[in-house]
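Going in written order, the chains are labelled A, B and C, and every chain counts its residues from 1.
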């Protein structure tokens, strides 16, 4: 009806907030993946305030069988965790992670961005290639920025898929993060007598086009 | 008294039993740090208050016992044993003022920190895995909707595709060597010739950068090539005994000096 | 664990209607197929009245962005018909990029800024115009500065959209050869003497300098 011409209509006025809430409800319900505020606004008529509509929607679903949850900078609808027992049919058999993979994942989540050498320093053993590959393949971790230390090692960080998997709004909501930080257990403390590597932020040997010498071999 | 501590005769029965239990399962451990963490539990105290000296003793008992049972321990277990023996002596003997480096207490504190951090990460991992999980405790939309079929084709690729694609090409290169035509190369031979002519005149420490040929310092490509070959040439001259070379820290300028034949 | 109790508990009393409504909401949301009243009751604790809870839920969603609808003799949650225009993006079909395009893209990412002639030299086959056009159209690559060599060929560089797509913060964060090898990606060695699969990315109207008229604007 009206929706046939949302574009011409929107030149004049954004739809009322209740209508915006309905739109977001529809989009989030339809999608299995989290949707960002930007994507929501791109789909909605011009002038909509997706963030405000989201806040209303979130309140509306408070305590219901499905919930509006935040995943990184995106939003999704998920069933309430206390109703998991009804869903045996939907449960997907998750691949069992090895103890090494679980620890590596936790270290990446709590220490990110973290290099392979740092993971090995914390675990006290070398990290097997398969472990990192598995986590990359599951898209729970990805490469982060290179560390500006000798060798320019790549770092690892966790992904939005990881947050979605564990029902976290952001990596700041990891359980016990604050306590661990307060206890100094997330510091990268070097063994006594070892010189800290200099954080040399700009490297003259890098030409303007961002081609580090690493790629020239 | 302190001599006694270095002998393995006075191992308590409990220690022996603990060590044997560890050895039976040595394959189940993830390296020396894991063993130390397990041993530390026998102290039944907060990890912050752990006695590293006691822990070192327990670990050495464990390694000694393994030797008696002719169990092959991986090299890193033996490296840890050697290090702990060293730490033990540092902790027990009065500090030698002439000796440099960190004190035994500093080393012990760091080891305690490592153990506490590993334990903390294990606890964190357990808490993480105990959380409600997508697809197990809470669920995504079972039926993503398709009301209007407006087909737009987009093409995707993942980082893995990209890396594999690049790897494929570069692997091919190993059999069909690829060289870019580059005219901005300052060869090591050229650098060596140049350096031989210049080092005779310099007395004190001079930065290596000042040896770069004129016209090779502004263009980054040329500067990189000239720097690399000048550095390689410098090393060659050091090897030949004509030069001294030093760098105070990572990324600091590299400095050269003509070798003084009188010293 | 929770499943153990509701059955024994329910011998005495069914959960309150509000709770039954939540259960139905979650099940309808999560299941891939419409669910019949019988199936609902089979999943819910003993003594529940799925039909009544459904009627409540249906009323609750009246006028909302999604609706509880009857499909045959089963029930499902669907987006409200008047909001269908928001769902267009749901039906985007994604296809894998061709091998030629991936390789070209990889070379541009690792060697940027790079000319077409250089891409061809690295790949060992000519690069079809279609491949470059496709990457340009996807906004994963763009023209860089012209190379100051005879013919002044244009160069290609990757775009911020590319970095975004691949979850990179900068092109420098691409793993280097050593890391590719460590990750097992450089192991697919061809036996010496074996020709790589010929891809005839013919492009006849291209002169030797890799300067098709396309770029002569």
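Points to keep in mind about this one:
Rule of thumb we're sticking to: contacts are C-beta pairs under 8 Å (C-beta built on N, C-alpha and C of every residue); 3 or more make two chains touch, one makes a residue touch a chain.
Quick caveat: nothing in here was measured; it's all calculated off a predicted structure.
Comparing the CA-atom centres of all chains against that of subunit A, the greatest distance is found for B. When every chain is reduced to the mean of its C-alpha atoms, the one closest to the centre of the whole protein set is A.
In this assembly, the C-alpha centroid of subunit A lies 16 Å from the C-alpha centroid of subunit C. Averaged Cα coordinates give subunit A a centre that lies 28 Å from the centre of subunit B.
Between the CA-based centres of subunit B and subunit C the separation comes to 37 Å, rounded to the whole angstrom. Residues of subunit A in contact with at least two other chains: 29-31, 77, 79-80, 84, 87, 90, 142-143. Residue positions of subunit B touching 2 or more other chains, listed in rising order: 139-142, 144-145, 159.
Within the complex formed with subunit B, the subunit C residues making contact are 26, 29-33, 76, 78-79, 81, 84-85, 87-88, 90-97, 99, 101-103, 105-107, 109-110, 118, 121-124, 134, 138, 166-168, 174-175, 177, 180, 183, 185-186, 188-190, 192-193, 196. By the touch rule above, subunit B contacts subunit C in their complex via residues 139-159, 161-176, 178, 180. On the subunit C side of its complex with subunit A, the touching residues are 2-3, 6, 21-27, 29-32, 43-44, 64-66, 77, 79-80, 82-90, 110-113, 144, 157, 167-179, 182-184.
Against subunit A, the residues of subunit B that register as touching in their complex are 30-34, 76, 101-103, 106-107, 109-110, 113-114, 116-118, 120-125, 127-129, 131-142, 144-145, 159-160, 220-221, 223-224, 227, 249-251.
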